[in-house]
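Going by the order they are written in, the chains are A, B, C, D, E and F; count residues from 1 in each one.
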Amino acid sequence: MILSIVNPNATHAMTESVVQTARMVAAPGTRIDARTNTSGPLSIEGSVDGAMAVPGMLELMRAAEAEGADAHVIACFDDTGLDAARSLLSAPVIGIGEAGARAAGFIARRFTIVTTLSVSVPILEDNLIRYGLAGHATVRASEIPVLELEANPDRTMARLSAEIAAAIAHDRAEAIVLGCAGMTSLATQLSKRHDVPVVDGVAAAITFAEALVALGLRTTAHGLYAPPRGKAEKDGDAALANQNSVSENTVL
Amino acid sequence: MILSIVNPNATHAMTESVVQTARMVAAPGTRIDARTNTSGPLSIEGSVDGAMAVPGMLELMRAAEAEGADAHVIACFDDTGLDAARSLLSAPVIGIGEAGARAAGFIARRFTIVTTLSVSVPILEDNLIRYGLAGHATVRASEIPVLELEANPDRTMARLSAEIAAAIAHDRAEAIVLGCAGMTSLATQLSKRHDVPVVDGVAAAITFAEALVALGLRTTAHGLYAPPRGKAEKDGDAALANQNSVSENTVL
Amino acid sequence: MILSIVNPNATHAMTESVVQTARMVAAPGTRIDARTNTSGPLSIEGSVDGAMAVPGMLELMRAAEAEGADAHVIACFDDTGLDAARSLLSAPVIGIGEAGARAAGFIARRFTIVTTLSVSVPILEDNLIRYGLAGHATVRASEIPVLELEANPDRTMARLSAEIAAAIAHDRAEAIVLGCAGMTSLATQLSKRHDVPVVDGVAAAITFAEALVALGLRTTAHGLYAPPRGKAEKDGDAALANQNSVSENTVL
Amino acid sequence: MILSIVNPNATHAMTESVVQTARMVAAPGTRIDARTNTSGPLSIEGSVDGAMAVPGMLELMRAAEAEGADAHVIACFDDTGLDAARSLLSAPVIGIGEAGARAAGFIARRFTIVTTLSVSVPILEDNLIRYGLAGHATVRASEIPVLELEANPDRTMARLSAEIAAAIAHDRAEAIVLGCAGMTSLATQLSKRHDVPVVDGVAAAITFAEALVALGLRTTAHGLYAPPRGKAEKDGDAALANQNSVSENTVL
Amino acid sequence: MILSIVNPNATHAMTESVVQTARMVAAPGTRIDARTNTSGPLSIEGSVDGAMAVPGMLELMRAAEAEGADAHVIACFDDTGLDAARSLLSAPVIGIGEAGARAAGFIARRFTIVTTLSVSVPILEDNLIRYGLAGHATVRASEIPVLELEANPDRTMARLSAEIAAAIAHDRAEAIVLGCAGMTSLATQLSKRHDVPVVDGVAAAITFAEALVALGLRTTAHGLYAPPRGKAEKDGDAALANQNSVSENTVL
Amino acid sequence: MILSIVNPNATHAMTESVVQTARMVAAPGTRIDARTNTSGPLSIEGSVDGAMAVPGMLELMRAAEAEGADAHVIACFDDTGLDAARSLLSAPVIGIGEAGARAAGFIARRFTIVTTLSVSVPILEDNLIRYGLAGHATVRASEIPVLELEANPDRTMARLSAEIAAAIAHDRAEAIVLGCAGMTSLATQLSKRHDVPVVDGVAAAITFAEALVALGLRTTAHGLYAPPRGKAEKDGDAALANQNSVSENTVL
């Protein structure tokens, strides 16, 4: 099967980090098709970044599906554009935020998401409400900007570790979810240090996407996820093609 | 005061209809600055259309604020891009969906929103949950596409009237909200026919925007609505300017 | 238009303070008709005061409507008797608590209400649940009794300021709502000091009432707000006029 | 023990019907002290009636407590003035609406309340939300006015029976609560006819009040139920006794 | 009337303590039939203990009903097996956790449950959600294991007292519920020390069970509480009696 | 990896049907270890059956883990004993009800569960509340007893098909979940007939269990899922092995 991963921001290094994680957890027969949304912002920090990233991301995902993708992963913890992607595409789509929270929900009753900046906290809280998990989860910000996560690994590790300790002490956290695609390499180390399951959303999304493909499930064509209707003069396809951004496509 | 109204879709006729309503309800000292998002889809029907419309819409709104707008109205009942607009801008921003629901909430405990197509129903229901009004409202679709609302006024009137009658009979609706900017001219007539208050979201948004300006309130700069952070290589402004669409600007 | 403001408590000084605020924010063509419920308690602190205030308040509001009021404002942050007033009257009715919370909701996702005494906290929390805003708001008490708010302005300012600082630090408050009609003159100063929007419920209620009149909306006559039915022997009017009958006591 | 029952409306026949029920279910040692609020409306139909009834009702309840009442029952299914009564008094207070719903909750997961007029439906629904039972209950109106319940017993029986049948068929009702003090004599007969438990709120309130007295529990003096604070010039007591002052009207 | 109390754990001393409380609060005509589930774990601490206790407990309760019990009390604060018991039996069944919370809800708006170990906290929180009381209650653990409650009364008193003080200071608790059948003798003393109502769930369950019997109410036979259907080969009765069969294991 | 599947009821035919489904969807390297709880009831219909099944089921699961199981699936749509199993075991545990609902949630916003008998409807509704999916799902009963599902395949197919048609028409269902392990072979056929995704909970649980193993996640040892504490005289293990002791009965 071909698993399409799209990084909605324009930072190649993050895409590569995500691909490394994907390869470690994916089944032997899974091919990873990773794309970077070079027309988007360098990172997704807040709702403006998210809104700017979506049109280019949707274009990349449609191309991936046209080229045979069996499932899609949106590699941003905000699950940017998840509803639109499900409406546009037929193969199943999973966001890494949703996947991380769902995985935590299978092994713990209460968990804490540790994300980057506090501007993302209300976005993740809103998502948790929509996913029905708000009563089970707390969101904490490490206040490390996305693009600095890898610049100073020791500081990143120290800040995440401090938030995890606080989550266990104050939030009654029984598991931790790492709330950014850029934290994906730290899960194992943090789990050992704090003796608590640490979920990486990227890895969770890969395995759940494989599961949905194994189940033969496709996104429904009814309700919110119904495909866009054509319009008289200019249909949804045209609008998609009319965003002018060049995106980059790396099939691995 | 200058009140900016942005139509997130590319259909000029809808912008003009909105401007007519705005002029009827606006205070004498209010100047209407209406803009049409010509880079967007012809109508907003579902989440793909919504996602495609937002970047161009934000660009228009930022231009309007730079040119002196004291408040902004997003003239799509889905409240497309409302959070991003509040984050990007400093003047208050009101969506016509939120305004219509809030106005109904001041005069009735239960109300029904009558919108266009059923694909919009879950979007409006999600918004109602976020606005805290889900327990008080029902959403019904008239199944008339946005662009056909004005093509056949008799059919539109008959369909809306049938849904309003059903809402009163089955939803215990005590008031009606018209759930599309394109229905804005029919409120008075429908209210008389069914002896029930009928709220037009466009008119409501205009008067609430005026109210917020009178109160001297600006959108908070904290939390979800904090302005986007600049980024090392390419900041949010650049991304906004990097969407290539030409938008049209009509100051009336 | 004539805007009726009723102070449900018996303290004239509070009515006058409210009127001053109203005049500052009201549109040029708005006449303010202010009434003090001299049959009520000196302040509304808790549910007993609230219950005792309502019959006299309703009588004043009915008189105001008979004399031409186009809209009504209940100038108590508990929104005392709001449902009964909407049922009794045809012109729109707005409580200052509801108005303050709704105004904050247009410019912030999370806000904190700073009220007088802790006995009011659960009343305001219950109202927030009914308005659908409980998930977005925190209520704090300054522990200054209503009638002492103006007695020692420096202490009032210091206590409110301390609670606002705590709200920003601990509640993630992005905006503040002043939770008592008696605090109405302090909003601007507190907003500057803490660099956060501060909403005054009195001012918000005035402008929203003007908005509803501009929209031509009247309270629905259906459901909870249906006008009281006449009764065979003694109708609602009679009961309104008949608050000092002797009650009968049968110990069995 | 002395159990005070107050009928918040002015209709003696309803008080007597309530007393008959009370005597059938009360323990041998319980003395019933029943009072009719002759200063209130003839029946409580909607929020205006409710608001008008409370001051007189509170006065009667305070007198009852002064004369030795160990517990209080408010004999109106709307639980009119329940919070204020709990704040004013020290002995436990139970409303017949709350009692009926709680009793049903002990023996069924879903139940339907059958009340008089549809104007009471949203009031009871709001109460159910506050009691945490909204997800378990449906409210139906028989559309028989309170004062006609006993006028035509056959019609009353037929209407209630039809609503109970509908509740079982459509609401998945597993138990029924009779939603008006005036229906108190019909519970047994309806239960037999429909083979489903039928709860009478009056009887439930009597037995729960006895239970609270047996437990030695008094209403808390903290939070919402804290007793009213005295005020400098005119305290809560004075206000209670002072319901016919002339109100002042200043048109500005 | 005969009131059956079943202690789902195997510790006789706890049964005896419960019986002492029951006798103090029960009406003169109430006979107490107490049974100890000697097939169960020595205490119920967490969901495994709970699951292991239920089959034996149900067997005891069915025997009690066959021998004439008019109502049942499950003497474990987790309300272990409450739904199954209501389905199996016809007489009303009350858990001491539900009873304690309901009693507190009649006299306070917010209360705190002080239980034994933190493993029980999420169980009690889940129950509060189901009972509709989650928004009104906090659960705290004293971290005293069930079987040590009576071993060191001074330490027990000190720990409970510390949690009650914290509940009043931090949870805005207006009343306290003692969250374990083993704490039943301490309620009065703790109430005096902290000047706050303290509810003992055992006592509350006794009086509410008596109330339901006085009301003539039996558990509904519809919905979740419908009695188990007989099965072709082996019905529910057989399964109840058949807890030591060998299970079959097929490794494929 | 070894995947343990336990059928909590005593019917071998259902276990075999589950194993067939498991083999079709499981990855090549997955070994299926299926066990039938012969000490349990023949089917799980309602809460009494569920309670009786759990002790034997837990014993089987503990044996499976001791023999090397890497993950566990509980093959009853009620997710019987899920919390207790997670507490007792260290490998991840998934119930087929939870898995089916989660899978549907990845591909649809609204779905309907079609189960066997109406007695299971409130159990599944309670589970959906706990999983945070209640707002997205409807539960319908086909009224076919578990053990008759395979007896008359045509009737089963017709009844399920009728409920699916009703779900699409009335519940706005965008996907269907088959709510019983015994329906596992019908998913594909029903999906084609109604042109809507049909999720089989058994298959979903298999693939999600494989995903959790691939992620290296184990159930947390904190909070609700903390392992049972040993007890002085008789620990949890002893209780597990000790289901046929004689219980003691003291009538006082």
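Assume a contact is a pair of C-beta atoms (placed from the backbone, for glycine too) under 8 Å apart; a residue touches a chain by one contact, two chains touch by 3 or more.
Because the structure is predicted, anything quoted here is derived from the model rather than measured.
Enquirer: Taking a step as a move to a touching chain, how many steps at least join chain A to chain F?
Expert: Steps on the shortest route: 1.
Enquirer: Could you figure out which pair among A-B, B-C or C-D mirrors the A-F interface, over half of its contact pairs being identical by residue number?
Expert: B-C
Enquirer: For chain B and chain E, what's the span in angstrom between their mean Cα positions?
Expert: 53
Enquirer: As a quick test, compute the distance in whole Å between the mean CA positions of chain D and chain F.
Expert: The answer is 44 Å.
Enquirer: Can you tell me which residues of chain E touch two or more of the remaining chains?
Expert: In chain E, residues 109-110, 122, 223-224 touch at least two other chains, as defined above.
Enquirer: In their shared complex, at which residues does chain D touch chain C?
Expert: Residues 10, 12, 15, 19, 31-43, 45-52, 54-56, 58-60, 63, 67, 81, 83-84, 87-88, 117-119, 121-123, 126, 129-130, 145, 147, 223-224, 226, 228-229, 231-234, 236, 239-240, 242-252 of chain D touch chain C in their complex.
Enquirer: Any idea which chain D residues touch chain E in the complex?
Expert: 25, 27, 86, 92, 94, 98, 102-103, 105-110, 131-136, 168, 172-175, 188, 195-197, 199-200, 203-204, 207-208, 210-212, 214-220, 222-225
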